[in-house]
Every structure is written in structure tokens, then in C-alpha cells.
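Shown next, in C-alpha cells, is the structure this report addresses.
Chain nomenclature is as follows: A, B, C and D, assigned in order of appearance, with residue numbering initiated at 1 for each chain independently.
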Amino acid sequence: MRYVDKTVVGLSIAFVVLLFADFFMAEWMRFIGLQSLARGAVALGLLVLWRTGLVSFGHALYFGIGAYAAAMLTLVGYHDAFFLVLAGTLASGLLAFLLGFLLRRYRAIFFALLNMAFSMILYGVIVKTEELGSTDGFSVLTPTFLGYAPQGEAVQTTLFLFTLVFTYIVTVGVHLYLKTTLGGMSMAVRENEIRVEYLGYSAEKVIHVKYVFSGLVAGFGGAIMALAIGQVDPDSMANWNVSGEFVFITILSGIGNVGATYIGALVFELIRTYAFEYAPQVWQFILGGSLLAIIMFLPDGIWSLIDRLRKSEG
Amino acid sequence: MTVVLEVRDLQKTFGAVVAAKDINVTVNEHEIIGIIGANGAGKTTFVNMVTGYLKPTSGHIEFAGRNIMGLPPRDITNLGISRSFQVPQVFTSESVFDNLQMAYAITEASGMGLLSPLYNDERAARVDSHLKRYQIAEYRNATASTLPQGVRKLLDIAMAAVSNPTILMLDEPTSGISVEEKFGLMDIIMEALRQDETTVLFIEHDMEIVERYVSRVLAFYQGEIICDAPTAEALVDSGVREFVIGEEYHRTRTEAANGQSNGQEGDDNA
Amino acid sequence: MGILKRPGKAALLAGGLAAAVGLTAGAANAADEVVMAVPTFLTGAGAPAFGVPARNGAEVIIEAINKGKLPAPYDKSGKGLAGRQIKAVIYDESGGGVKQVAEFRNKVQKQGVDLFVGYISSGTCAAITPVAEELKMLTIFPICGTPRIFEEINKNPKYVFRTMGHATADGVAEALYVKANMPDVKGYTGINQNYAWGQDSWRDFDLAMKQLMPNVPASDKAQWPKIFSGQYGAEISALMLSKEPLVHSSLWGGDLEAFIFQGAARGLFRKKKLLFSVADTSVYRLGKKAPAGAILGARGPYGIFAAGVDTPLNNWFRKVYQDRYSVPPVGGSYQAAQGVLAAKYAYDAAAKANGGKFPSTDQVIAALEGATYQGLAAKVHMNRSNGHQAATKHMIGVLEWDKEAGGPIMTKVTEFGPDCVMPPPGVNGTEWLKGGMKGAKC
Amino acid sequence: MQELIVILVDGLVFSSYLFMVAVGLTVIFGVMKILNVTHGSFYAFGAYMSATLIGAYYSTDWPEFGGFLAIFAAALVVGVFFGIVLERGLLRFLYHRDEHIIVLATFAMFLVLEDVLLIIWGTDPYFAFEPMTLLGSVDIVEMTFDVYSLTLICLAVVVGLGLWLGLTKTKWGKLLLAVIFDREVSQAMGINVTVVFTVTFVIGAIMGALGGAYIAPTISVNPGIGVEVIVLAFAVVVIGGMGSIPGAMIGALLVGISRAAAVHKFPEIELFVIYAIMAVVLSIRPEGLFAPAQARKI
């Protein structure tokens, strides 16, 4: 039996559509798209953790590290997007690997809050570092792409292509990974760690692997964000409410499907953009209100709408 | 006869409380051993120590020629000692098939193999034949949380047996099971394990079960083994009669069946 | 983890949604208006001190421009910007630089904004500068102070202007004032918020003092409270125990007000001479609670320093503002208004040069580059950083309570010319300070 | 010597502030296992309400000391109102959900309330310094302190002792402890867990509001004060152990006195003190100083 993975097919179609759309999209939409891809990547990392039963309230830590690592390399003369994003991703992954040894021992709210505590420590370090512009942050120059140095609108178009390709690879990779034994162990750890141990595998190891993984994708998202915006600063990159937004996106998306995180991120950006535009005095009210509405009435996120749609059809 | 497990001078104290004292046991290949004793006598503590869930205060546990004391459960499982639980430890929101598939996958995969797909047809076939041996194939697609207690117990034991362990320790396999079902359940388990030539140690309160399936008995009282002898001998031992069976024998059979939800002994379901 | 039956659909949906929304271009604006985005703090701690006064100041001016009611010298230039009405898009600057960059792009690409007049925080300005240049968007910063904008971030700006002196001028003017009025001062210490702007303020004042009064020692225990901490008990004790008689502070808004309440209750202001670099934002509000005798600066003739400037434009502005908002305009109101006036001046001048036709952005920029125009209470000279950075005169004085008028008043005011406190064109502020402020014309 | 005493007094005042800010958070967490981000809103509403009531009070010619009643009245009004509305109107629908979801719901509610605050009180700051002026100042080791700040120490002690005694010595407290220990068993034993939850949440809300209300006379009541408090309270509670009242007290003392020492000795690192203590405590005892270990050992 030839098994065709429909999520991969769906992601591939979306990838191709967006690839072409890149050249026709309005600039502001491409920019929102870029941010959605970056934030969606972080939410993807949270999804992987969430399937293991863990939620992090501090993933701005890895987002921030990814962003700052990439941005700091531009200060010392590196400008290639491939290198910067790789470096940001790996820097976050490394930190997640190290902190993982401590964090993998904790569950539930303690896990969530320890992450938050560490992200606050990073925030403090950045604010105290005048060389990195303290609270002002600093600008990131336009990256080059293997020697190609785009100008004007081409910067965003190229960056979008670049991000799209890597996001596609990462997302399909995550999806396939979730279907492997190690990926499937998310369920096992969430459901019953004792059984996992007595089947001969370390639940903490499973968690650690997933934690590193979520750190890597969050770092990837951060590095992309730094390049897309051309600016890093601690309040937008490492503060606790940024972590809250990532969890928001994850809840918005639901954890049913890897592709949903990007839809969630897009919806989040759109809510925020339009709230900012049409109700500048009460945009927080609208953002908070939408979040509450989703928690109350759409507990499994946007993905559950699609599930419902399917059920009503079939 | 080959010795597979040797326990010497095992001690476990929780503060001032002595949970296990001077435990010395030698287990031979293919033995079926029953562990009896009143609630709080130290039976589950013994199983917890051997399988690595509790770290003994002192002593020595040798399995297959190496000291396994202080190893975590996963390492001991991988070496060949597996266990089931008084309260079944399964992946409650998954189907019976997915439970066993995961058990097989974890048992079989290691290293890069962990990155191969969870599902493959060969594995599925093994899962299905395992389901048949434990006679729970009809529940294949049922969610674990919806299973009747007996089936859930079987699933728990079936999962423990997936790795084909040298020794399988069963913590009260018949607790919470009605009297009518007990023997049927034990027949299924013992038949499957006999085929695998597994050495079995199981904790049991029902002396009829002990008499029927066990060749040798370890009787626990206040953290100590007060009797280690062939079944027939043990059941007439005066100490055993006074401190273990005495209680048990005065109960009616129904009470014995319903009175197993002991909250004091062990913490394996924490 | 159920196997999903038709997941492709959702992904398609997303792609389609993105593409569909994206392919529709930004909203078109009426041809006869100029869309002016005015980002300013509407929420958070920055709102009362700067954001809302700035918005109010901008609103007063924009309304007058649209009705053609500005007094001289703008009374003959007709309604609007080069004849077109301003459509103001006022929005919140909160949330940090990254979010503001995103919003900037939205406003340009989605809402079709023609120019920006705004931004208060140095951090936002620093973040916006490269994007404004990339998107070729005329952007006037009326308030933010960091010298880095044209010294580091973009040394050759084309689209970005700042219509106010930058923070280096604060430190220089303050040090000059101290030298002139407290020649025997035995030392100085400081209390500044621990964030970029507080750190810069202390550094510039310290550098200027080291040049002007090299024998006066700085404390090595200057205080660095966390921004928005609001609790200064220990800091006040430490300041009172320190031997330095002069305390430099760039606290603003709620932090400043809390510091003043807590300091006044403990007699800090009787014991130490305080020098506040942006306290004018709070003096009217504090009223009698404002510490009389403290030295105040406002980076120019703004707010309370403009109270005595008797020109038709200034008198009109103070009256309209007071009538409308029931409080006198403060520094932020003046500065924002001055930024909008730059647009008024530049559009009108460019239209004139263009034979009366509505000018292109490039023509507006050409008109503003290097220009000198009339602000509310002083001339603004756009003569630094290739004509993109303003220099204005600077004022420092001592705050007192005017019993007769029943309000705060500045006394012992010293004016410093633009070329006295701002580094000469093309010179980096920090290096200028370190090098002994060569070329300053005082 | 003088400096040492001053550090101690400064430290105690700041510790009391921290304790008052954190205690409501820890009470709610201790009983309900909810990390309540809305705590920041309680604080802010408490401060605004206090400033408003104090302002109203002093525009009458009633005796000056009555202004203090306005502070407590403000805390009660805000705490009872928001406590009941939020717990009955929102949280109770979420108890069966993941604890993370509940945190996020309170985060969402916090965002909403931030703007509600702006709608009610606008952006202009409110001052209510009369009670502070009224109490004047006192000299200790030749250093002037304002009496109002010193009363904060008393308030923290009274609140801390009151809660502790209430929890350990009264029947109500014992009920509460039973619920903390096992929600389901308590329910089976006939304890009305619903009422316990509502009352706990209201008490926590009053505590949060009281923090803001009592601080209001010493600060400029501004938009944004709630946000700052969340992180601060969170840090104190994490250091002390989530849900522990003595923990919150020790955490507050540790942070407060260290910070005061830093301000006097190494002002450069002031910002860092709280994070540093948090990092050290977390790496040694990640569950906090006073909380029972929660890490699973398997």
C-alpha cells in the first residue's frame, strides 16, 4: 500500500502557492506573512512540547537568543542570511540543550514558570548591556543571500522566499518526526511516564530532545524575525509578554496539525494589525478579548473548526 | 538450574520506618514465585527496589551476573526485568493497539531507529499476534480508559511482556478482579509467559491462586522475609499461618476479592 | 494523534487566504489629502508624560493648519499642507521597536501614509530610521533624543529628519549651567533609570562635566533604579548619605513624580541640589509639590520655558491648548507641534518652489533640508547631519513657585545658543564631548 | 554602622512592599493552583481606586486621618468586585481545563483590564499624597525616613500574620488546607469547594488591590503600573516557593534586603539583584525555598 501523507501534500501545495504569491503579494501582506512564519515556527516548537504535555511560558528566551545571536553577528561583519539564521538557530538549540538538563525534571506549571524565569534573566542581561543598545536594541542591516545583495522591495521578497523554503523544510521535518517512534513518544510521556520508564526508555530524555528541538525552531523564528524587521530589542524579543503571545498563538492554532501554527500566527497578526488600525486606544482589549473568546468557545483552536467542517461533510 | 537474580542483605528505611530488612532471595530460571504478605509487609517495596523504582538503603542486587542496584527502571528493563502494576499503567487515552504499538516501538527501537516511523506493517503484525495471545484482540481499537478492569490488567501485563523479559514481576495481577474471572485471567497470563519461558514473581493475596500457579513462596512480614519455601511447605509454616494467612483465611472469598485496594503499601502508582 | 483525513485542505485554505488578502493592495486615499501618521504613546507609562501631551500638541496644530488659522508667520500660506488637508492617523507607540517597525510598514504599505510625524522613545526612533529610509518615507522625529540616529544608524539620511536638538545638548547645557552657577560644587552624583536613555543621559552629562569642571569628582555610586520601579526608598537614602551635593537625574513621568513625593517626604530636596533634565513634563501637574530650587532643563524653549515667549504664534498656541485641555502645554506638546510645523513649512515652501503645484516627496525633502523655520517659541535650524538634524537654542533655569500667579515659574534662566550646546555639523557627539567640545560657540 | 542600619530599614520597607505585592498571588496559587496574571490589574485598580477615594475624601472637610479608611475601602471594593466577577464569571468555567490555559485566560483578562483602566481613568496620572504628608517624617540614625513607608512594614506584618493565623488556627483555614491537600477528597467530605475557591480568589484579589491601594499615596498612579508588578510579584513568589505565605515573606526579605544593600554598595547591579537571586534559588531549589518538591523522580 502506498501511503500518501496528506499533511505533507497540503503543506507542499501551500508552499508552492505562497512561493508564487510572493511575487504578487502586497508588501504589507508579505511582511505580515514573514512575521507569521517566524512566530508560527516558535509556536511549532511549543506544539511539539505541548503534545508531550508541557507548556513553556518562556520561549521568548529562545526567540530572543536566536534574534540577538543573528543580529550580533551582523555587528561583527557577517551578513549572509544562511549563516545568520543557522547561527541563531544553533545558539538557541545549544542553550536549550544546556537548560534542558535542569528543566526536563519538571512538569506542569513548574516547567512553564521555570522557563519564564530564565527568559526574564535573559531580559535583564540585555537591558544591562549598553553595548547592545540596552532597551533600545539595535538595527540589523539588510542580509545578503550567498553573495546576492537585494535592494528595495527585493529584500523582503528574497527574505520571504528564503524563510518560506526553510519553514517548509522545518515543518515537514517536524511532521515526519512526529510520526517516528521518538516523535510518537510525546504521547507516551504525556499519558504515562512510569510506563515509558518501564518499557525501557527515559521520559526525561524524550522531553529533553523535544525541548532542544523547540529551542532550535524558536531560535530559527527569532533569527528570521530579526532579519525581517531589521531590528532587535528586548521588549519585543525577550519580555515575558512575548512568551505569552507564543502560547496565545499555540492555543489559537490548536495542536492538531503542524500547519495550523502558521494559520494561527497569521490570524494573530491580522487581529493585532486591524485592532491597532481601527481601535488604537483599545487594541489590548480586542487582543485579550479574542484570546478569551477562543479559550472559551474554541478550546481546541482553529484546527478544530476544520475538523468540524470535515465531520459535517462526512 | 541457573540463578538469574540474587538479592543479598537488602535494606530500605524511610527515616525511622524500616520498609525492608535483611532480604536475601535467590531466583532460578523458569521459576514461578508467589510473594505473599499482609498490606504494608514490604512486598511492593521489594518489587520497587528490584525494578529500580526505589533505591535500597543498602544491600546488593545481582541480575544476570551484574550488580543492578541503583540503576533506573529503564536500564533494568533493558537488562531483562520487567514489571506490571497493581493499578494498570497504560496510555489511557489511546487505543489498545496504539498502546502495544508504542510498547513494541520503544522496546525495539534504539539509536537512529527511534527516528524510523512508528507504524510499520511488520510491527503491526506482531502487535496483533500479541493481542491474540493475551486474548484482548476484540478490544484492539477500544480506548484504554474505557476497558473493563480485567482487560486493562491484561493490557498492562501484555505491555510489560512485550520486551520478552527474563524476569517479569507482577504486582497483584488479580486485584480488583471478580472471583469468577480470576482464574481465567491467570490462565491467560501464565500460558503466555510459559511459552516465553519467562521467570515470574507475582504478588498475590489469594491463597488459592498461589496454590494453583506457584512453585515457591516468599512470605513477607514487617519488611522481612519470614519464609522462603516451596508452596506446600510455606502454606503450612507456622509463621506464615500466624502473620500472613491467618488474616487472609478468616476472610470470605468475596471480601478478599474486594478488599485489595490497599492504600498503604507501596507507591508505585504515585 | 489521529490520522488526519484531509489536512491538505486547511493548508490550502491558509495559502489561499494569505494570497487573497495579500493580493489586494493597500487602501487608497483621497487624492486631495495628505495622510500623516502620528505615532505617540497612548498607553503605558509614557502616555501621560509625553504621549498624550504630544498628541494634544499635534492635534491643535493640525486642526489649525487644516482650517488655515495658524498665526504669523504661517498666516498667509493657506489651508492645509500645500493646499491639501491633513488626515491624521494617530496611533500607539507602545510595545517596543520591533512592533513599531511592523506597524510602520503596515501604515506605509497598507494604509498609504504619506508622512510620519512622531515617535517619542529613542528606541523606537532608532528602530524606525533604517526602515523609513528603506521605504523612502518622509519621517519627522519631533521628540526622541538619542544622537545615534544620525551618528551611527544613518549618517546620510534622506527621508528622516529630527526637528529638535539631540540629547548631547542636554548634557552640555546642564554642565555649562552648573559651571556658571555652582562653580564651587564639590562633586556630583546621579539617579537615572536603568535603560538606554537614562544610561545615555548620565554619560553625556558626566562627559561634559569632566571637560568643563575636570576637578569636580563624580560619584562612583550613581543610582540606577529599574525603569518604572516607582519605589525609591533605598535610592533616596543612598543619595542622602552620599557626600556629593549635586544630583543629576533624567527621571520622567510617573517615576519622576514618585521620586519627588518620596524625596520630598524625607527632605532630600533640602539637602541636595537636584538637576532634572526632563522634569518640565511634570511641573504643572505637581504644582506646589514640585521641588522649588531644583535646576530644570527642557532641551529648548518648550513647555514652562516657553511660558514667557511673547509671539503671536506662541500666545495663540498656549491659549488654544489651555482652553482645550485645561492644562498648559508641556515640552512634549511643543515638540510635537514643532514637528508638524516642519511639515507645514516644508510642504508650503516646496509648493512655492514648484510653481504652486503640490510637491513631490523629494521636493518636500529638498525644502526642509538645511532650512530654518519658525517653531512655536524659537527658530529651528535644520543645519546638522546634512540638514536633517535640527539645532535650537537651549534653556536651563531654576524652578520656583510664583505665589502671585499661583503657579510654577522658571527663574535664573540661561539661554544657550544652538552652536554652543550641539556638536558642529559632521561631528560625533560623544567624541566631541571627549575632545573638549571644540568649535562650540557660546 | 549608620549605613548598615539604613540598609536594613530601606530593605525592610522594600521587602514589605514586595510582600504586599506578592502575597495575593501566592494565596491564590496555593489554594487554586492558578497563576493569576490578573493580579497586576488588581494592583492597578486598587491604586487608582485608592487615589480616587483619597482625592474625594480630602475634598471634604472630614478629619484628616479618615483618609486611611479610603485606602482600605478601595482595596475592599476592588477586591470583592473583581474577585467575584472574575472567579464566577470566567475562571469557574475553566477549572476543568489545563492549568496553562487558565494562566493564559488570566493573561487575556489582564490585557482587557489594562484598557478598561484607561477607559475609566484616562491616561492622566492621579496623585494621593495626603496620607503620606500627614504622617510626616522621623529620624533614625540621623537619617530622615517618612513614617508612611515605615507603616508599610507594620501592614505587611499584620497581613502576613493574619493570613498565617487564619490559615492554621481557624476552622476556615483548616478547610482551606484540606482543599489544598486534596480537592476531590474535600468535596467528598462535604466541603463546599466552590465557596472555598470564590472566597480564596476574593481574598487574593483584595490583597492585590490592597498592595496597590496602600502604595498609591507614595507614587504617581499611572497607566502601566500593573505590568511592572506582575513580574516583581512573580519573582518573589517563585523564589519563596509558589503558594507558600512564609515563602513569600522570606522571598520578599531576601530580595528586599539584597536590593537595598546593592543600592547602597553597588548601585550598578541593582537591576540584576532580583534576577540573580532567582537564578541562584532556581538552580539549587527550582521549586522555590518553601514549596514541597514537585519534580518527578522517575
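The criterion applied here is as follows: a residue touches a chain if its C-beta (ideal position, glycine included) is under 8 Å from a C-beta of that chain, and two chains touch if they have at least 3 such contacts.
Every value quoted in this text rests on a predicted model; they were computed, and no experiment measured them.
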{"item": "Chain labels contacting chain A and also chain C", "value": "D"}
{"item": "Most centrally placed chain, judged by C-alpha centres", "value": "A"}
{"item": "Farthest chain relative to chain B (centres taken as mean CA coordinates)", "value": "C"}
{"item": "Pair of chains ranked first by number of touching C-beta pairs", "value": "A-C"}
{"item": "Separation of chain A from chain D, taking each centre as the mean of its C-alpha atoms, in whole Å", "value": "33"}
{"item": "Separation of mean Cα positions, chain B and chain A [Å, integer]", "value": "44"}
{"item": "Cα-centroid distance, chain C relative to chain D, in whole angstrom", "value": "35"}
{"item": "Euclidean distance of C-alpha centroids - chain B vs chain D, Å", "value": "50"}
{"item": "Of all residues in chain B, the ones touching two or more other chains", "value": "72-73"}
{"item": "Multi-partner residues of chain A (each touching 2 or more other chains)", "value": "127-128, 184, 187, 194, 197, 281, 283-284"}
{"item": "For chain D, residues contacting two or more additional chains", "value": "114-115, 118, 227, 271, 298"}
{"item": "Contact footprint of chain A on chain C as seen in their complex", "value": "1, 4-19, 21-26, 42-43, 90-92, 95-99, 101-103, 105-106, 108-111, 121-123, 126-127, 129-131, 134, 146, 148, 153, 194-197, 199, 227"}
{"item": "Sites on chain A touched by chain B in the complex", "value": "177, 179-185, 187-188, 191-192, 194-202"}
{"item": "For the chain B and chain A complex, residues of the former touching the latter", "value": "51, 72-75, 77-78, 82-83, 85, 89-94, 98, 102-103, 105-107, 109, 113-119, 159-160, 162-163, 268"}
{"item": "For the chain D and chain C complex, residues of the former touching the latter", "value": "2-3, 6-7, 9-11, 13-14, 17, 114-115, 118, 123-125, 127, 129, 132-133, 136-137, 143-146, 148-149, 215, 217-225, 227-228, 259-260, 263-265, 267-268, 270-271"}
{"item": "Chain D residues touching chain A - in the complex, by the definition given at the top", "value": "33, 35, 90, 93-94, 97-101, 103-105, 107-116, 118-119, 227, 230-231, 234-235, 238, 242, 271-272, 275, 278-279, 282-283, 286-287, 294-296, 298"}
